[in-house]
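Order of writing sets the chain letters: A, B, C, D and E. Residues in each chain are counted from 1.
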Amino acid sequence: MAQLSLRNIRKSFKSVQVLHGIDLDINEREFVVFVGPSGCGKSTLLRLIAGLDPITEGEFHLNGRLMNGVAPSRRGIAMVFQSYALYPHMDVYENMAFGARLMGLTPQEVEARIAEAARMLQLTPLLKRRPRELSGGQRQRVAIGRALVRKPDLFLLDEPLSNLDAALRSEVRLEIARLHQQLGATMIYVTHDQVEAMTLADRIVVMNQGRIEQVGSPRELYERPANTFVATFIGSPRMTLIPVTHAGEQLTLEGAGSVAPGQLPASPDGRLTLGVRPDALAITRATDGDEGFAASVIYTEYLGDNAYVYARLGDGTQVSVRTGPDVQFAADEAVTVSVRPGGAHFFSAEDGKRLVA
Amino acid sequence: MAQLSLRNIRKSFKSVQVLHGIDLDINEREFVVFVGPSGCGKSTLLRLIAGLDPITEGEFHLNGRLMNGVAPSRRGIAMVFQSYALYPHMDVYENMAFGARLMGLTPQEVEARIAEAARMLQLTPLLKRRPRELSGGQRQRVAIGRALVRKPDLFLLDEPLSNLDAALRSEVRLEIARLHQQLGATMIYVTHDQVEAMTLADRIVVMNQGRIEQVGSPRELYERPANTFVATFIGSPRMTLIPVTHAGEQLTLEGAGSVAPGQLPASPDGRLTLGVRPDALAITRATDGDEGFAASVIYTEYLGDNAYVYARLGDGTQVSVRTGPDVQFAADEAVTVSVRPGGAHFFSAEDGKRLVA
Amino acid sequence: MPKLRMTGRGLWITLLIVPPMAFVALFIVYPILLAFAYAFFDWQGLRRGDFVWLENFHTVLFVEPYRSWTLNAFKNNVIVFFALMVLQNGLGFLLAYALWREMPGARFHRIAVFLPVVLSTIIVAYLFKLFYHPLFGVINISLRSIGMGWLAQPWLGQGNTALWGLIAAQAWHMVGFPTLVFLAGMQRIPGEILDAVRMETESEWVKITKIVWPLVAPSATIVFTLLFVGAFNWFELPYIMAGLDGSPFGSTDVLGLYFYRTAFGNVSAGQQDFGLGSALAVLIFIFIAIFATTLTIRLRRREIQL
Amino acid sequence: MSTASATASRKAMTYGDRPGMLASLGRDGLLQIILIANTIIMLAPIVIMVFSAFKTTPQIFQAPFSIPDFTQVGNFIKIWNETNFLRYLLNSFFVTGASMVLILTLGTMAAYAIGRYAFTGSSFILMFFLAGLTLPLKLAIIPLFMLMRDLGILNNQLSLIFVYTAMGLPTTVFIMTGFIRSLPNELEDAARMDGASEARIMWAIMLPLVRPAMVIAGIQNVVPIWNDFFFPLVFIQNDNLKTLPQGLTTFMGEYTTDWGVLFSGLTLSAAPIVIIYIVLSKQFIAGMTSGAVK
Amino acid sequence: QELSFWSWRQEDRAAYEQFIDTFEAANPGITVNFQTFEAANYNTILSTALAGGTGPDVMMVRAYGGLENVASAGYLEPLSTETIPALADFAAPALAAESVRSDGTLYAVPFASQTQLVIYNKAIFDANGIEEPQTWEELKALSQKLKDAGVIPFANGTATAWQNETVTFGLGSSLMGKDFYEGLMSGDADFTDERFTNAIGEVAALAADYFPDGFIGLDYPSAQQLFSSGMAAMFVGGSYELATFRSQNPSIELGMFAAPGATAEDDKLVGLYFDGGYAANAAGANKEASIKFLNYLASLEFGQAFANTLNNISTVPGVTFDNPLLAEVAELNQSSIPYLMLAHFRYGEPSGSVLIQGEMQKLFAGQTTPEAIGEALTTGLSAWYEPFKN
């Protein structure tokens, strides 16, 4: 129920500029995820939206109203913090009631909203506990509950799962997805974790060093990354980038052979960066005359439902290849790595921009 | 270079028994991972091995020597803590030198060892920094470095990656694997995270409520889990357990149809638990007369290289099915879920033990 | 519980604990116990007389004029405690809150607020005596110069202003201590919690009362307990500013002065009586010990709830 | 560790740093005014004291606020000539210093044992120290005097050092136990794995982390010890052993009506500790407030 | 032999060093080590040291009740004319002040008497054409005149408790009169007597009009300062003030008078008391030398030096006063009553001094009446003063 528009947002702390002009529109009911490496400005941007820090330059409109300078509590926004930031001296009920009461709701209404949130998040039996008596997942739910009872138009979540263990993380992730569907509120979610980003987002915003690298649906980002940064950031294990030279249909890697992955883009000086994801590579024991790059196996990671083979190409580039779980290679075994048709991405060797074939 | 044997180890805190008789042998150079849900006693067991807490009952031999009662520093063991436990008032160099000096090494030797460890962990430029001036991954490496310089026979690592973000986690994971290969020391590693367990371990020890559920290689655990606990704990998304009745070749789920996944084990009363991993299930749009269980789609998680479809069976059991990245189902769409040949696990309906066909 | 083994850990703990305990035992507990024993004897000046059981206690609690002196001093101590609670700790909290915001000049203010704490009581007492001087005192001069001369008072000469004058001086002297302890406490509050509150309200009052105050509980424990003990042991400042008699007419008399005067006499009293003095001291001690312990335990419990 | 404090103070800074809303300006302005007013109130008396030290008594009475002629140092000269000022000062430094060393050492030892180890009687011991906090030691002056006599340290600064140490321990233990308790166990375990003895764990690992608590405890004790004149009055008769407050009170007894001399005496006795405080204020306050370290 | 000698007279240190030099010159082999302590804590220190067995050989002790504390515990060496022959000639009240009442044993050589009277600034009196007053009315009139001339009539303040007693008896002795004193002593009168209550009422009225603004908040040193700086004309105080004023303002010209009674015919009485004495430690190691030293302290030679140097009224008989002021005090002493509370009512708790000080502070603050004071004193003292117990 909230529509955001950020126009050329800049943020400086003292003399250090941290955000260098962010332009972004977020639609109603959208679930937007900010990803990017540590320190790229995700939290900063979120805090600007929340109003916790002042915007240095640019305009932020929420539902058409200019928000610069409006107090955080008047923006109709709720935020879930990375460390949950529960009030340690209040029990779960009080934690949730605190903000609701401050909104001027009647006690009955407060009670009703908490009951509803608690039911939705299965917190009802825990209402009398204090935060320190809760497990990580429960705390997480309380933090969400606290946001819920305020019935905000916009939810901001800053790495809400990063303090949870892996098992809990996937559980709570599902819960958040379900919540978004139920509430229909706009959500902005910050994470480091691509799985979270991929599974939760309607649209992902990839940030790097205070700039937006690409905005798009998970599928867009995965299938058509705008540059090498996005390409390697999205997908795990990461996409392998191979600097190749380009002659006709053939892409050649110095000392490792060549491949012909189909239609190629134009490149002025014959140099390009070839990007391939682990699932777009195939690996075979080396036999003479194979089409593909020669490589030697580093080691194999068994994951149950499949395995990843890590191998080193002639020039030292390390590639990761997804294989079935039963494939076994010895370390240092010579192999040939080939690109499955349609699995190749091409980027400019100069600026890393995507090249279209 | 350490060989451990634990014999009927029990541990009580005051009147609460936390470990109920642990028997375990660990070989030289082995990389053993303890996994299990929170509170199952992993850290406790590690601390007993380290000598930080006294063993209540049972015997622990290290390289044939009885260790009960031997001071931690005399066991030749180094430990990496979950929170790293770096000494905040010392720089990186001092953090590493502290233990080394206490071993009575000459200053030259201390210096040499630190230089070596720093090189190996790429810490050389950071030696003069204090822990708070380091990023999470760097701190992690310092913690490992501190253990390294003592050249221990046995490394204990308690959830060393749980404070790192996802990107760093996979990077440091690789580093630890490499380190194990280089050093050839025995390592015991505690984690919640199955990916870590699967990719790092020579053998995984699955614990639950102070008992060992199963010990085995990742492949063993994944492919032949000893019981439903191990089966659901290992693998992500988790294995779906379906309570079925058994008549001839057919396994029937009340109100959802039946499947015939091949050879079946004997079950006295015709009830058993069928376990199937997401990759062993296939999903198709429902058409009459399909072989398989009828289900309705909850939602689909797109992960780039593949997708998971979550669906609900007639009795409410939720199944997860791995599919290709391009498969798309609408929510609530009726589908048929079938088991791929060889993909079924069978467990006793009573005690959850694995049944062999 | 296992016995304290005199090896390894047990030895080490013993080693740590014994020297400090020995100091306290030898130089505080032992002499104090001896002195407490005085309370059970009749004294003729400096000569110890008969063992009189609880008679001295009875005297100071129930026999006039001691009874009303005791009550008066105790009443004044109670006033001092509550007044300082507000003036010293309350103001300390407010100042800590202001300093915490790191506004321009905060560093300077922080040094200034703590500066008086390092001054000696003598200095503070003399300074404030001069300030309260009816003719040349800064306060009266200022009042007169702004045309409010009718407010000028002989501050230390009136029963209803003298004690407050001392309290103000004490608060000025010591306000820096609670300020910095509270400040330390506030800086321990995680930033995210503050952000969380800001998402919910703008009201400074709500933030302070509902969040900041509960979260500085550990600081409050230290500050409250020390203030309680300090207020009921108050001696130096009233001694220097108002004299041993609690001038004027006992309006600044506090238990510390009263017991000292009773035990050691003063120029005007002539008599000194260790028996009564010690009886008073024992009573003061018991009172402080019981209340301070209760207070500490309650406050610690509040902390533990965090 | 201290990233927590860094974050906290960073947050604290941004906390007030909001854009030009009237309300927010008004509130911060109010706080700023409170701070400035307070600072004036805190400093004015001290300034007046210093000013008065350069005035004659009539000048003090007639113009308490006026800026004096700073070359008029007669009052100071009088003190300098008629007392052993330097000797008193050194004695004070010695007594205070030695007492503080003992207090912090012993206090930390006790607090460490109570806070770090679970053993029978630990809460009793804490109560024992707490009781020491509440005892009116002045009452015990006669037994204490006899004790010092029997120990043969009357007229010896050891008597002062011992009494101050014993008096300072309860507060120190009280303040430090809580801090020490809150230190993370993992650090201790890590050091134990590194082969450190209990003593070294305490010395090299834990103590550096409780410095803020030591600063708080130190402040709580150093000021009364530096300023005390009661015990020296009773225990010390040799003029060469007197401490500054004692020496000056004896001296100022002769000048009760000469406010000028009085104030210069007060100024002189305050100066060392004030100067030390101002010089060290950075570490001092940092130490104190980095109690933020968790 | 080395004698230790303790005193609370910090301000007299130099003079005493001089006396001691004289003594040491005459008695080779004995050295005297003079130590002074802060007056307010002297009691505590002396008690502690005596009880701890490390008391000085010779010490200054207070007179009256203050002496009894120390003497009755047996810490002091009893003195007699055998050990100190010069004592035979001392005035009886002086010796009584240094004796324990119950058995009359003498424990100290009295050193000075003090007189409570009114000291005035001659220059101011002259400038305003004022003479010493003969009646209470005259005193009020001249005060008014001074006040009109912009001079503070009296410098006194009563914030320091013991000043109240000084003011009361320094001003009120003549109003109370010798009859009252004798009646009180014989048990015929108590403090509810009109002669007493009227007197304090007058004193309070005078104070209200002619003491400085806010005098109830004015402490002793400031009051001294007011007078010695010439801002005030009169100071009700003891003869011990003379030296102080002179040292504070060497150019000041002092005069003094006994506060007058209601009529010119009434005796003009000053309050007289004995300050303290020199005593020897009963447990001292050098008793013989101590006695020798006490003998010196009782000698005319010392008394004369004491009077000359310290400007105090020595109790040694035969001392002459070179200083005209002292001579005048000695003159006024001829007509005196004892300084009441100190001489007679400091032998029990609550002491008369404590009571009168507090009560007068209340009276000055307008919180009680003279009659109520009389009542309070009488009932208060009846706690231990036999004649009032009925």
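Methods note: a residue touches a chain if its C-beta (ideal position, glycine included) is under 8 Å from a C-beta of that chain, and two chains touch if they have at least 3 such contacts.
Only a predicted model underlies this, so the values are computations on that prediction, with no experimental measurement involved.
Enquirer: Return the chains common to the contact lists of subunit A and subunit D.
Expert: Intersection of subunit A and subunit D contact lists gives B, C.
Enquirer: If you tally C-beta pairs in contact for every chain pair, which pair wins? Let me know.
Expert: C-D
Enquirer: Would you kindly tell me how far, in whole Å, the mean C-alpha position of subunit E lies from that of subunit D?
Expert: Computed from C-alpha means, the inter-chain centre distance equals 41 Å.
Enquirer: Measuring centre to centre with CA averages, how many angstrom lie between subunit A and subunit C?
Expert: That gives a centre separation of 57 Å.
Enquirer: What is the distance in Å between the mean C-alpha positions of subunit A and subunit E?
Expert: Subunit A and subunit E have C-alpha centres separated by 92 Å.
Enquirer: List the centre-to-centre spacing of subunit C and subunit D in whole Å, with centres computed as mean CA coordinates.
Expert: That pair's centroid distance is 16 Å.
Enquirer: Give me the residues of subunit E that touch two or more other chains.
Expert: In subunit E, the residues touching two or more other chains are 39, 44, 47, 51.
Enquirer: At least two other chains touched by the same residue of subunit B: list those residues.
Expert: Residues of subunit B never touch two or more of the other chains.
Enquirer: Check each residue of subunit D and list the ones that touch at least two other chains.
Expert: Residues 61, 142, 249, 259 of subunit D touch two or more partner chains.
Enquirer: Write out the stretch or stretches of subunit A touching subunit B in their complex.
Expert: Contact set of subunit A toward subunit B: 37-38, 135, 162, 165-167, 170, 177, 192-195, 198-199, 218-219, 222, 234-237, 277-279, 299, 301-306, 322, 325.
Enquirer: Mind listing the subunit D positions that touch subunit E in their complex?
Expert: Listed in rising order, the residues are 57-58, 61, 141-142, 145-146, 149, 154, 230, 233-234, 237, 249-251, 253-254, 256-259.
Enquirer: Mind pulling up the subunit E residues that touch subunit D in the complex?
Expert: 10-11, 13, 35-39, 41, 44-45, 47-49, 51-54, 220-221, 224-225, 228-229, 244, 248
Enquirer: Within their complex, state which residues of subunit C touch subunit E.
Expert: So the residues of subunit C touching subunit E come out as 44-47, 64-66, 129, 132-136, 140, 152-159, 242-245, 247-250, 262, 264-273, 276.
Enquirer: What residues on subunit D touch subunit C, complex-wise?
Expert: Spelled out, the residues of subunit D in touch with subunit C are 4-5, 7-13, 15-16, 23, 27-28, 31-32, 34-36, 38-39, 41-43, 45-46, 48-49, 52, 60-62, 64-65, 102, 106-107, 109-110, 112-114, 117, 119-121, 125, 127-140, 142-144, 147, 162-163, 165-167, 169-171, 173-175, 178, 198-199, 212, 216, 219-220, 223, 226-227, 229, 245, 249, 259, 262-263, 266, 269-270, 273-274, 277-278, 281, 285, 288-292, 294.
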